[in-house]
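In what comes next, subunit A is part of two complexes: it sits with subunit B in the first one and with subunit C in the second one.
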Partner chain A sequence: MPSQSNAPAGWRPRHGAYWLIILPALAMLVFLYLVPLADVLVTSITDPKPGLDNYLLLFTSTSVQKTLLTTLRIAALTTFVALLLGYVVAYAMRAANSSQQRLMLFCVLLPFWISVLVRSFAWIALLSSRGPVNAGLMAWGLIDEPLPLVRNETGVLIGMVHVMLPYAVLTLYANMRGIDVRLVAAARSLGASRFQAFRMVFLPLTRPGLIGAGTLVFILSLGFYVTPALLGGGKVLMIAEYVAVQINDTLRWGLGTMLATTLMLSVLAALWALSRVLDVKRLFGA
Partner chain B sequence: MLSPVPEPLVRFANVRKSYDGTVDAVRALNLEVARSEFLTLLGPSGSGKTTTLTMLAGFERPTEGRIFVDGEDITDVPVEKRGIGMVFQNYALFPNMTVAENIAFPLRVRGVSRAEMTSKVVRALSMVRLDGFGDRRPQQLSGGQQQRVAVARALVFEPRLILLDEPLGALDRQLREQMQYELKHLHQRLDVTMVYVTHDQVEAMTMSDRVAVFSTGALRQVDVPRRLYEAPASLFVARFLGESNALPATVRQHDEGCCAATLATGETVTAVMPVPCAPGSAVHLVVRPEKILLGEAAHDSPNRFAARIAEVTFLGDQTRLRLAAFGADDFIVKLANTAGQETFAPGTEIDIGWQAEDCRALAE
Partner chain C sequence: MNRHHATGIVTAFAWMVLGFLALPAFAVVPISFTDTRYLAMPDEHWSLQHWRAFLSSREWHDSIWQSLWIACVSTLGAVVAGTLCAIGCWRVSSRWSERVRTAMILPMAVPTIVYALGIYRLYVDLDLVGSAIGIVFAHTVTGLPYVVLTVSASLANIDPRLEQAARGLGASVGQTLRWVIVPNVVPGILSGAIFAFIHSWDELIVVIFIGGRAFFTLPRRMWDGINDNLDPVIAVVATAMILFTLLVLSAELALRARRPRS
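The block that comes next holds the complex of A and B.
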């Protein structure tokens, strides 16, 4: 029998049939996503006149540079804080028993069910100068006047870390679960203190998780729009909001599309660089 | 003149361990390990052997009782301060380090100088016949080689005691046998004390100076392998080590370690009775399959009975007979493959017998 499949002839549809099924989705992707994306690329080198003038602004315009630096700084800080906090939570989850684990996982995923918009307004209410956080700190006598926790970079950072934390926790937890706990026990039995066993054995083994979670959080943070716009109080301008302003208000579409393109290319470049050192597919569970 | 009794290296004194407060994983454990001894803790899973090892290593604390090493009470000493080398079932090699870094680990955490570390690692590698493998990653080695790295890592810091937790469990049979002898020779060469956990009785007998048999949390018997096999103190030990025929019987009379007992089917058997039981008490008469005499040879033994061959299995080095006798058909006889071995056919009536000293009356 020449047939390699043991299914009867005619049982499996030809490959063409599958293409037919995914055609609507494919068409939607091409016409509503890839074509506009190409349009963005083209606009960035044709508006207002053909050439790379828009891209030259990356090197000449101080306001563009300031926005880019702000974006990079906030994304980096968010990544750092989210990794730090996420590591602790993931570590605790790994050590917990299975019913505690379920509860903790539920708590980590809970924010996903609440809109970013709602969460941002909630943070504004919580962190404002007369909000419960400042009121509480003042009632305890820890501070004399309200701390500026919102409508500035601190507020943006708090809100972004809150949104990013589940990503960090889940990525780190997936990595930590794959680490054999007996390795730490073995390190202890060979004479390592708790801290030495952590630093020399456990921490190095979580490196792929840290890199993966860090990249994920950093890339997602670069494109943040709602949180900085609301919690920054208009004072903290990140690239996504800057692009929106160019498109909606100043109508400098060339500049806006150039920044959007730059952001996309940076993210792709970051992913490519990452793929050189790590198995990206495995990292994100694909 | 009294000869000085050497202080044992390890001593468990009345140790009890309960994980949940209701069931004892280990109870009333009193056990000593002599210096330079190879002692195996043998038992089925859940017998308490691994818990015993874990307490000695320091991963678990006894609920009651004390553990001494070298005369020092180490019950409350943390794992890393005990100076005990341990080889784990899955080897537990650090995947983020090379073979040499793995072996150097216990030296590194002890702050040993780089030069001394290098020379000790090289020596440890050659001890386990892995010269030149230092730069490999553990994942690049075969199971047997990983096992050797784990052993090298456990002995490189010259611990007073090495614990091995079923270290050969993951290897295939041939490699396992080879590693048994390798470990045994390493033990002899290094003159180090080893405590080994296994559920495999052949492994235990191959390597050990003494074997401690555990079941359901209790230590049943500790002795050299031959004594354990020839003179089991309980039915459990007799059944766990090698094969035996166990016939339920009632003691009729006993005298100076010997007894006469009646089987349920009416026959009377003379046997050795290590622990005296009052007449009327129920015992099992245990006799090893290779001690059974057949046909002519059985005629002048004190215990002689009629049987019928139910099944004959040729196993190469031995022939195994299953006999119908004493109202059942699971009486096993093993015959070594010797010259002039007569052949047997199923269905044949045959006389069986055994010497009184080859049969032991053991209480449940």
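The block that comes next holds the complex of A and C.
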């Protein structure tokens, strides 16, 4: 076909109509999504005056650094706990029979579908000083005073793990399903103890799942707003809430957009790096 | 038999974690019937006082309607544009269309707070803060990825020669879409619609920024309620939202059961 030589790939005349039906969604994405994101980026290097002054705050401002550290610490802890718990669940799911598997999958998917706002609220109610968790612990005589479980980092961590665990379980489970467990059986028959077979055969095979789940949970945790804001009670500022405070309360657009840009670029860079190892689109359900 | 063995301790621990996942949200159900004036389990007896307060509240009613129609309209927009886009990308199937499809997933990957700042700035310039059309467009564009993904997944099971046959027999692009392609991806479209609907129905952060004084959707009113005072009425709203989500979810599961497994 001669027309292909001077037209970009995909622009074969036969496909004209199909590009046309792509257009409405693409136009919306460009003008109502990409343009606003670009505006955030531009604002971060022009407000209040052109230059990289806002980005210097990453290195000089103690409150910015404190927020970044809090964010990284909570995201890392959340990732660690979610991977640990998620691994056990995915492992048990892999071993369960199919009816048990269905029930387990239902338990994993159920919280996925209940709004994060509702779930955070439920945790506030459960963990507050007069809530059922503290009431129960006191009734059993395990504690005398209500434990401070909410409006602090403990509360944020519990809420974040609850939100992130399904992502970890689903990614790990997808990986484990592809593993041929006869390899483990082979190791056992060759004299490996149950733990050795797990440690030296099964665990290494789940490495891609661990990397995928870990990166996904970490990335999603970085940008979280609702759960840390509600369960932290304003005392545990993570980056997303810090950005909102800069815009709503102190009107520091330069600082707010700089942190937003930093957050966005970190997330996209991590996703890009992950896409070198895994099919990222599958993580998002494709 | 390609199964392995998990010891009893591992399975028991897994079920504990699953309980931790599935159960906590339901704590709001008994709390919504509390007889106290603060957030707690019912003390002496179960009471309907907070349900009555909710049902007679003008504000909560307005919020429900706002949330409902915004979710319906933006779902419609996301479904139409997203389905067309997925079909176009599937049929063109070049390096560029593949890039378009990847770009469509961006709203799922970029943290919402970043987008909220951007769209707020754009809407300040366009004088769309606190406007219905502004919120609908923002929810439509962020709902697109769900539809593009689910419809693309449906399309992956269709033989592309079906489209070629229709065109070869003289059908226009419009006729091919209407009579050949769309009927084959209905389950994908419906799943996408449900995801897009729940997305808009639950969306909080963008609405906080661009809702202005006029738009207090259900999540936004809940958010304000939780931040201002922990009124047990919020537990009632949360219970109602869980019921509603379970309803929508069972519709999705029913659809999935009808869809042939590939």
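Operating definition for what follows: the second predicted complex is superposed on the first by the 258 of 286 C-alpha atoms of A that agree within 3 Å, B and C clash if a C-alpha of one lies under 4 Å from a C-alpha of the other, contacts with A are read in each partner's own complex, and residues count from 1 in each chain.
Everything below uses one rule, namely that contacts are C-beta pairs under 8 Å (C-beta built on N, C-alpha and C of every residue); 3 or more make two chains touch, one makes a residue touch a chain.
Source: prediction; values computed, not measured.
By the touch criterion defined above, A:P204 reaches subunit B but does not reach subunit C. In the overlay built on the shared chain, the residue A:L142 is in contact with neither subunit B nor subunit C.
Of the two partner chains, subunit C is the only one that A:Y225 touches; subunit B does not reach it.
Of the two partner chains, subunit C is the only one touched by A:T261; subunit B is not. With both structures placed on the common chain, the touch criterion links A:R182 to subunit B and to subunit C. Once the two complexes are laid over each other on the shared chain, residue contacts for A:Q196 go to subunit B alone; subunit C is not touched. Touched residues of subunit A were counted for both subunit B and subunit C, and C has more of them. In the superposed pair of complexes, A:P132 makes contact with subunit C only, with no contact to subunit B. In the superposition on chain A, contact is made by A:P111 with subunit C only, not with subunit B. When the two complexes are laid over each other on chain A, subunit A has residues 180, 182, 185 in contact with both subunit B and subunit C.
Within the complex formed with subunit B, the subunit A residues making contact are 180, 182-183, 185-193, 196, 200-201, 204-205, 207.
Subunit B meets subunit A in the complex at residues 57-59, 79-80, 82-86, 88, 90, 92, 94-96, 105-106, 108-110, 153-154, 157. Interface residues of subunit A, counted against subunit C in their complex, comprise 8-10, 15, 17-22, 24-26, 28-29, 32-40, 43, 85, 88-89, 91-97, 104, 106-108, 110-111, 113-126, 128, 130-132, 135, 162, 165-166, 180-182, 184-185, 194, 202, 219, 222-226, 230, 240, 243-244, 247, 256-257, 260-261, 263-264, 267-268, 271, 281, 284-286. Taken together, the subunit C residues at the contact with subunit A in this complex read 2-7, 10-11, 13-15, 17-22, 24-28, 31, 38-41, 80-82, 84-85, 87-89, 91-92, 94-97, 100, 102-122, 137-138, 140-142, 144-145, 148-149, 152-153, 173, 177, 198, 201-202, 204-205, 208-209, 219, 222-223, 226-227, 230, 234-235, 238, 241-242, 245-246, 248-249.
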